[in-house]
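To start, I am sharing the structure in question, which I have written as structure tokens.
A, B, C and D label the chains in the order they appear, each numbered from 1.
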Amino acid sequence: MIRAGVIGVSGLAGGELVRLLAHHPELELTFAGGSASAGLRLGELHPGLREPGPTIQPGTEAPADRLDVVFLATPAAVSADLAAQLTDRVPAVIDLSGAFRIRTPHIHERWYPGVARAADLVDRCVYGAPELVGDRMADAALISLPGCQATAITLGLAPLALGLCLPLHRVLVDVKTGSSGSGLHLRTAGLHPLRSGAITPYAPTGHRHAAEVTEFLRRARPGAVDSLSMSAYGVPTVRGLLASIYVFTNRPLAQHELRRAYLRYYKGHPFVRLRQHTETRIPLPDPQAVSGSNYCDVTALADEEGGRIVVLAALDNLVKGAAGQAVQAANRRFGLAEETGLTMLPVVPA
Amino acid sequence: MIRAGVIGVSGLAGGELVRLLAHHPELELTFAGGSASAGLRLGELHPGLREPGPTIQPGTEAPADRLDVVFLATPAAVSADLAAQLTDRVPAVIDLSGAFRIRTPHIHERWYPGVARAADLVDRCVYGAPELVGDRMADAALISLPGCQATAITLGLAPLALGLCLPLHRVLVDVKTGSSGSGLHLRTAGLHPLRSGAITPYAPTGHRHAAEVTEFLRRARPGAVDSLSMSAYGVPTVRGLLASIYVFTNRPLAQHELRRAYLRYYKGHPFVRLRQHTETRIPLPDPQAVSGSNYCDVTALADEEGGRIVVLAALDNLVKGAAGQAVQAANRRFGLAEETGLTMLPVVPA
Amino acid sequence: MIRAGVIGVSGLAGGELVRLLAHHPELELTFAGGSASAGLRLGELHPGLREPGPTIQPGTEAPADRLDVVFLATPAAVSADLAAQLTDRVPAVIDLSGAFRIRTPHIHERWYPGVARAADLVDRCVYGAPELVGDRMADAALISLPGCQATAITLGLAPLALGLCLPLHRVLVDVKTGSSGSGLHLRTAGLHPLRSGAITPYAPTGHRHAAEVTEFLRRARPGAVDSLSMSAYGVPTVRGLLASIYVFTNRPLAQHELRRAYLRYYKGHPFVRLRQHTETRIPLPDPQAVSGSNYCDVTALADEEGGRIVVLAALDNLVKGAAGQAVQAANRRFGLAEETGLTMLPVVPA
Amino acid sequence: MIRAGVIGVSGLAGGELVRLLAHHPELELTFAGGSASAGLRLGELHPGLREPGPTIQPGTEAPADRLDVVFLATPAAVSADLAAQLTDRVPAVIDLSGAFRIRTPHIHERWYPGVARAADLVDRCVYGAPELVGDRMADAALISLPGCQATAITLGLAPLALGLCLPLHRVLVDVKTGSSGSGLHLRTAGLHPLRSGAITPYAPTGHRHAAEVTEFLRRARPGAVDSLSMSAYGVPTVRGLLASIYVFTNRPLAQHELRRAYLRYYKGHPFVRLRQHTETRIPLPDPQAVSGSNYCDVTALADEEGGRIVVLAALDNLVKGAAGQAVQAANRRFGLAEETGLTMLPVVPA
């Protein structure tokens, strides 16, 4: 068994890691770290567990010499510190925060002010969705995973930007996200009475995930995208996220070209489901249809009348958008089959 | 115009008072008090307002000499202090908190530990739903209103306990309440992700509203009820509350007797709607049907097979359960027609 | 009193008309028409009403000679027939359906196949939001109101397209709508278990409201918009609708220019609230903040970095998006003050 | 592999069986039957599936000679017919409907009018939750499972009625259920706008699950319960169900006695979780904490002041209340470990 520690079990992503590791045949949770909840039994925090489970300890007390992998489900500043402390002492550190997502220093500082990272860790860190950079995860000491929104956007755009190598200019992204995206941070606007009936433009003109996606695509293929602007909205679901990506093209693409490009790009990638099979009535991506699973559902539609391509990408914030993708990365890191422990079907309806 | 102050405008009940006073032809909001939000404009807190409105000030700065009535939508301990400070300096103080609901000192102290009240204020305070004690509100210096759950339960039981004078023993109350019942108190369990899919037994074996109801009924008619036990559950609506009241009787009552008793008891009370008119398909009480209005919908059903009476009472926590009832009390206090400013129909569906 | 008939009371928009007319001091509901519910009492359908109310009759039995205005809250094909039957027999017919929204015959036929309209009625019909064409409603025999989505989009765009006369090319609209937008049409996808956790791209590449908006703007100012493409999503709220409108501009506009243009355009229009007052913390448009009211909240943001303008417009599908706007039109038609009967504040939170 | 057919895949319970069988290492779905959806591919109905899957056929075409077990997720009348047709031609028939739940003919006819069952099938049928009658399932030709509400109530009461053998009189049950309990039956009241904000007393004075529970307990121990009355409410969750069971006792039981009795009764039963471990802060039963899993969470609380016992039982309507319990029964029937294929943890929050 591969011995895994999870730091940040009090949060939603940390809690989801606990659920997924309980299903994993090769990874075993042997350390549960959390500051707010230190001293509690794990089952007191996570009502899904059958047994009270181990006692939660401060994350800084993670026993590096008895762990094979540590998942950091902590705020970016804490992740930066813990990664510095644990990398090379533990064979693999997998960070779910934003601490290492953006490489360019001044862009990082703009979106993560005060999150100081060791420069050598930035250089050595492998960042990206396992579908796109999984090969480089095999021997990585430090892995950084995209945010939930960045994951959906990047998986939606990659076949156009990196597969077809279309010049993408003025990409416009409109993300609708459930409340789990904000985690369990205590703030009045997150309370049920205020969130339950709301459709809230919480980041209408700028979002750090846009910077993350743009940098990633440009590094993968210089000039892949000139401008990408993003607006993000909170809607009253819990786990779901739907990214709508609008791309204007000079050269019109037919629906069958689009479909072929996406099929080819994601061939062999079990967690990306291409929806709207033309021969069947498979529905379009809707996060309800992936709830609880590690799927990201993707469709690209040629809107010839509108002179645009509409790409839809849906995922569960806490699974493919966080904990599931982290386990998928661990599978790549340790040479396990990519789907190990992640074969649960969506729970529909949710 | 009657000059009204509202203290506690940052909370849900205070905010609802602001909405209702804006519709009221005789009461005018001339002072907005709030500690957390002091310095903000009222329209920054309450997105329903059209204009930025007045600046919020600390509640302790209420100008007693320029107010005719003060509504206290504050925590019980704050209400106790403000009532002592304002009563007799302002013609009428109307308290929405629990500070003055329970008269008997040791019962008060059990359920409101640390809430110290001036004994003479307790003696002079008129407590109860306007339907039941409205006559006594006409010259009251201090009025205390029942909690949202107590309002529904008392209005549901009064025709049996005080109208028919049935001996009620082993009354069992099961309340289902939306999230507005907890106000905007910051706690993890109140966040949208945790509340959205939950049905939570938050007070399964004891609730202070049970003590409040029991004391009230026994004072109104000694021996009216021997034991009343209550369980309360949070469900994922926002404004609604449904109280289910189960009463076992020695003497079976026919449905038509029940109906007649309730009709007679609430004749002339515009805010209690008796549902399930036998000649029509009027639905049973469901809080969705009273949303945004000051109605309390009530039905009493004879379950002859089960040897019991089932009373259902539905209201909007923030209107009939708090701010609406407070305005109704103010109408009684100042000799206005009971419905003044409260004629808005429910917003259905909500 | 102005005698009003409502046909289609079984639907959500018809039901909302019943609510609003109950609050209206000048319009009185004297005929309730509905096919599915004929024979029922109005209060059996609409749980918000206090009394059982009148018996519902088939819409075709509307007594034209005893009505001053008829509201058609019926499907487009039914509205086309009823308008032909009632126009000129009743002083004013106000249609909430899509029957008369699109003038150009082949565009109408594409989006409303099988809805045959009398050509002379199309010519005489006044179509549009009262803010934009209200002056022409004063003596109109037939008024057609925009759909809920078209209302939000048009009110959002008008200051740019018709006020500033900016050339708008490649306007991109992303609408998020609650379930009331689909009415009470029986279909499996509309059931609570399937809709409750969903974010559904139900019209990702084409929507008839886009055709409606485009035609309206071009008629108002030739060349006002070259292409407008729209995607629509269902989210699990009930009444809310938020339209996000993304506009790329050649000439960058500063935030203060935008703000001034919108303020000027909507000066004197009480139902359009311009949000994000710069001097206060008024929140951005969120449909929760207009729930139950006739407001449309609008903000235009200059996203200089993204080279675009982001316009947000929020409304309540059933009020400003349907019944409220219809009453507003009736007020214009009969020379009443525009706000008559429509002064209710939003019910927040909802 | 054990070859399984599921008839009724268009419904929610049938769909959940499809999900669970996909996870089951010993049961394989080899026939998908459904009338409404015949001709579709399974993946067109169930968006959780990765592949389009087999084509759905009419249930009457189930190939009895090539199946080891058939699950009937059909309406009661259809189940009665299919059970007559398939029993003894297929080794095991497992019915999720109400067709065989109530044995006594006149009670059956009262609650299931028009559902005619072969008398010999009633005699041979094993009915009950696997925790209570699992031993008798080992060689059963026909198994009938309790309804979702009856499952929660019976599991909640059994330790009192059948373990402690307390005389239970005047048991009062108040069930709060999510919308999945009504399945996908098309009716206006089930549409999202009407259900989303409602707390609906849909069966306030009588429910067929009460008859089912009462008969079961009395057959298990004559005199186990004298009267059990039930009220059922719809709340706006999807999968959850919480049963509150109020029991008055002559002899007061201490909390530790209750706890010990429940622990002893459910020792060795992996799917019943006893909550509120006294030594920890494990929360009380809330259906959110079992979502997607086969757990039934149970707590019994001694309310000494109220002279009653409060039993809470929470489950997921579609899993432990339907499909999961059916798979559990199949495991018992075929001698597999009870948890086979059912080890998924709850998906929390949902």
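Everything that follows uses one rule, which is that a residue touches a chain if its C-beta (ideal position, glycine included) is under 8 Å from a C-beta of that chain, and two chains touch if they have at least 3 such contacts.
Note that the structure is predicted; figures quoted are calculated from it, not measured.
*Asks:* Going by the stated contact rule, which chains contact chain B and chain D alike?
*Replies:* In this structure, the chains that contact chain D and also chain B are A, C.
*Asks:* Please name the chain that ends up farthest from chain A once chain centres are defined by their CA atoms averaged.
*Replies:* B
*Asks:* How many angstrom lie between the centres of chain A and chain C, each centre taken as the mean Cα position?
*Replies:* About 38 Å, centre to centre.
*Asks:* Cα centroid separation between chain B and chain C, in whole Å?
*Replies:* Chain centres of chain B and chain C, defined by C-alpha means, are spaced 36 Å apart.
*Asks:* Centre to centre, by mean C-alpha position, how many angstrom separate chain C and chain D?
*Replies:* 45
*Asks:* Counting only residues that touch at least 2 other chains, which ones in chain B make the list?
*Replies:* 12, 178, 180, 193-194, 196-197, 236, 238-239, 286, 288, 291, 349-350
*Asks:* Using the touch definition from the top, list the residues of chain C that touch chain D in their complex.
*Replies:* 12, 178-180, 184, 186-188, 190-197, 236, 238
*Asks:* Touching residues of chain A toward chain C in the complex: what are they?
*Replies:* Interface residues on the chain A side: 170, 172, 174, 176, 178, 193-194, 196-201, 204-206, 227, 229, 231, 233, 235-242, 244, 246, 248, 284-288, 291, 301, 303, 305-308, 310, 312, 314, 349-350.
*Asks:* So in the complex, which bits of chain C are touching chain B?
*Replies:* My answer: residues 12, 15, 19, 22-23, 40-41, 43-44, 46-50, 52, 180, 238-239, 270, 273, 277, 280-283, 286, 288-293, 295, 343-350.
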